[in-house]
Amino acid sequence: MKKMLLYPALFAVTLAVAGCTASPAGGAGDAAAAATRSGGTDWRQAALDVMRGSFRDRGIATKDRIEQDDLQRVCSQYPDGDVPKEVAARLEKAQEATIRQPADGEYLGDWRAGERIAQTGVGWQWTDTAQTVAGGNCYACHQLSKAELSFGNLGPSLYNYGKVRGQSDAVVKYTWGRLWNSQAYNACNNMPRFGHKGLLTEAQLKDLMALLLDPASPVNQ
Amino acid sequence: MADPMKIRATVKDGVADVRVLIAHEMESGQRRDPAGKLIPAWHITEVTATLNGQPVMKAYWGPAISKNPLLQFKVKGAKPGDKIVISWVDNKGDKRSDETTIA
Amino acid sequence: MRRMLLAAAIAACGTALAQSGGDNTMREIERYREALAADNPAELWEARGEDLWKQKRGPRNASLEQCDLGLGPGKVKGAYVQLPRFFADTGKVQDLESRLVSCVTQLQGIPREDVVRQPFGAGSERKSDMESLVAWITSESRGMKMAVPMAHPEEKRMYEVGRQIFFHRGGTHDFACATCHSGDDKRIRLQDLPNLMTKDGAQRAYTTWPAYRVSQGEVRTMQHRLWDCFRQQRFPEPGYASDAITALTSFLAKNADGGEYKAPTQKR
Amino acid sequence: MNPTRRQTLQAAGGTGLMAALAAFGLSVPVTARAQGVAGAFQAKSVSDALKGLGAAAPAESKDVVINSPDIAENGAVVPVAIKSNIPKTESIMLLVDKNPQPLAGAYDVLAGMEPEVSSRIKMGQSSDVIALVKADGKYYMAKKEIKITLGGCGG
C-alpha cells in the first residue's frame, strides 16, 4: 500500500526537478539571487554538489530526496518567509493545481482514527520501512485538543477549528486543500504537503478532516 | 573488558568524599529488543571499597541502579595520600578494580 | 521517531506537572538537573578517549599523539574551539571527527572504512572509539571561547555551503534545518528548539555538544546530532565526517564565535 | 584533567589485588549476607523485600533522611541520597515501591564509613521511595514520593 503510494510522489518530484532545469532562476527575485550568489560564486549550486557527494541511500530514504522541486528550491531562498508577492502567487497557483478531491466525494472519516494519526510521527525516515503506516505528527506543531498538553507551536493552534468555522462546503474544501497541499495557500510555510507528496493516504486525510471538523471531535470540545 | 572507573576522593576535616563513576550497562531485565525478546538482566551485584586495605563499604546492587552508575559515600579518618580501592563484580562474573590516592 | 515520541512524553508530563505545581515544580526540575550535573558519566568517555589517544594501535602500531588538530602535532588543548578549519596536508576544511579519521588512517594505518563503519556507539558491546576521542578532545577546550578561523578561502566556502544546506528544503516533507531552528521560542511538542539564527541561540546550542544523553546512556557528538536531525527531516543519510556535515558544522560553529565552550555536558 | 584518572589499575587481573579482594569476600560472592540480600532483590513487593531483609516492621524515623528532587525528568536516572543520623548504623537500603523488584540497593556501613550514601536509580513510574536503616540490630525507615515524567524500566 505504502510502496504504491510512494511512486506518485517520486514521480511528482522528478517532474518538478525537470521543471527547475528549464527555468534556472525559477522566477525568484533579486533578493534571492543575492542570498545564493556572492563574489561570483553560486553557493546554492556549490551546496548541491557537496550534498550530492555526501548523502547516500539508506532504506526508504533514497538520495534523490535532496533534489528539490520548484517549490522547495524557491522557498529555500527565502528563509525568513518574506517571499515576494508575485513569486508566492506563482508558486501557490502551481501547488493549487495539484490538489485532488476525494474520488467518492466523501470528506469526513473517523475522528478517533484522526487523533491517532495526529499523535503519531512515525514514517518516511530511514529507520522506517515501506510497510510503516505513517502518521501526520500534527501535535508536533499544532495545538489540537484541549486534553493534549504536549503540542508544538511551529504552526497555529487548531483548537476549536470546526467549532469556529462550521462545516460549509467552502470550509470542507479549503480544509481538504490545506491538508493535501498547504503550499497552495501561503507558499513557503512550514507544513508538509501530505496529499500531494503521498505522505498520508486519502483515508487518513479523511480521518484528519473529521478530527478537525466533527463536532464530537476533541478538537471542538 | 570493562572500562576503568572514574574515582574522585577528596578530604576535608578528616572526612574523605568518594565519588565513583562506573561504566556498566546495568541492563534491567525489563526491556525488550526490537524483535520483542526480553533482554536479560545484566548488572553489577556488589561493589566494595577499602581504605588502605581495610574494607569501609560494601554495596549490593540490583538491576534498578542506573546505567553507568554513580556511587558516592564518605569515609572518616582519611588523609591525603591514603589509598582507596573500589571493586565491582556483576551477575555474569565480570569484575574490575581501580584505585586512587586521596587528594 | 520513537525518540521524538519519548521526548514528547517527557515534555507532556512536564507541562502537566508544571501546571499543577507551578514554581515549585520548575524548582524541583532544576534541582534534578543540578543533581545530575555534579557527576557526568561523559567523564568515562573522556578517560577512555585519552587512553585511546595515547595507545599504540593499528598496522603502524602508532598512537595519535602526533595528530595535528590545527594547533600543531599533539596539541589538544584549545583545539576544538578553533574547528572546523583548513588543513594543508589534506587540502580540506575538516571538523574534529573528519580530522580524527584522517589521523587514524594516516598515523595508525587503519583503513577509513573500518574507522567510519560504526561511528556511533551502542552499549558496552559496541563502543565507539570516535565518541570517546571526541569526548576527551572537546573536554580539553572547556572554558575557552569559540574562535573559528575564517581566513582561508576554503573556510569561507564551507561556511557559505553550510549556510545553504541549513536553508535547503527537501525530502518528502519539504523540511530544512531552518524549518525548526530559525524562530524564537519555537517548540516541537514541548521540546524547545534553539533559534540558530541568533548569536545567543547558536552559542548555547553549539557549546553544549557533545553531551551524555541520559535517555540513551551514550555520549553523542555534534556529528550525531546533525545526523539524527537529517533522519527526522526525512533526508537520506549523510555520510560520517562527510563534507556536507563539515560545511554545516562550519556554519554553526562560526555563528557560535565568542561563546564559552562548556561540553561535554549532560542532556536528557 | 584529573590526576586520579592516570592512576587507574589496568585490569581486574592484578593478582595481588585479587588476593586482597578475596580476603573480604568479593571474589566469593556467596556469603551468607550476600545470599540473604540476593533473595530480597527477587521480591516483587516491598513487604516481601522487607521480610527477605529480616526487617518486617521498621519504625518510621526522622533520623533517616532522603535527599532527592521531588520530580525527575527521566526515570532512567533518579538521584537519591540517604543519610542516617541513628547511632550504630550498620546498613542502609533503598526500595522503590512501584518498581517490579522494589529493592534497588543495600549498603553495608563498615568501620570508618559515614552512614550516608548517594546513587542514581531507575524508576518505572512515580512512586514512594523507602530508605531503610539497620542500626544496632533494629530497623528504621523514611518514605518520600518522587514524581517521574518518563519511566526508566521499559524504555
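The chains carry the letters A, B, C and D, assigned in the order they are written, with residues numbered from 1 in each.
As a convention for this text, contacts are C-beta pairs under 8 Å (C-beta built on N, C-alpha and C of every residue); 3 or more make two chains touch, one makes a residue touch a chain.
None of these values were measured; they are calculated from a predicted model.
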Higher-contact pair (C-beta pairs counted), B-C versus C-D: C-D
Averaged-CA centre spacing for the pair chain C and chain B, given as whole angstrom: 29
Intercentroid distance (Cα basis), chain B paired with chain A, Å: 51
Distance from the mean Cα position of chain D to that of chain C, given in whole angstrom: 35
Of all residues in chain C, the ones touching two or more other chains: 9, 47, 217
Set of chain D residues in contact with two or more other chains: 5, 8, 76-77, 79, 120, 155
Per-residue overlap in chain A, given as positions that touch at least 2 other chains: none
Chain contact graph, described as a line, ring, star, complete graph or other shape: other
Interchain contacts, given as pairs of chains that touch: A-C, B-C, B-D, C-D
Footprint of chain C on chain A - complex, ascending: 9, 36, 38, 41, 43-44, 46-47, 50-51, 53-58, 61-63, 65-68, 71-73, 75-77, 79-80, 120-128, 139-141, 148-154, 183, 190, 192-193, 197, 199
Touching residues on chain B, where the partner in the complex is chain D: 1-2, 4-9, 15, 26, 28, 30-32, 45-46, 48-51, 53-67, 69-78, 85, 87, 89, 95-101, 103
Touching residues (chain side chain C, partner chain A) in the complex: 1-2, 4-5, 8-9, 11-12, 15-16, 19, 157, 160-161, 163-165, 167-176, 178-180, 182-183, 185-191, 230-232, 234-239, 242-245, 247
Of all residues in chain D, those that touch chain B in their complex: 2-5, 7-9, 11-12, 14, 17-18, 20-21, 24, 26-27, 29, 34, 37-38, 41, 76-79, 81, 96, 99-101, 103-114, 116-124, 152-155
Contacting residues of chain B [partner chain C, same complex]: 2-6, 19, 21-25, 67-68, 70, 72
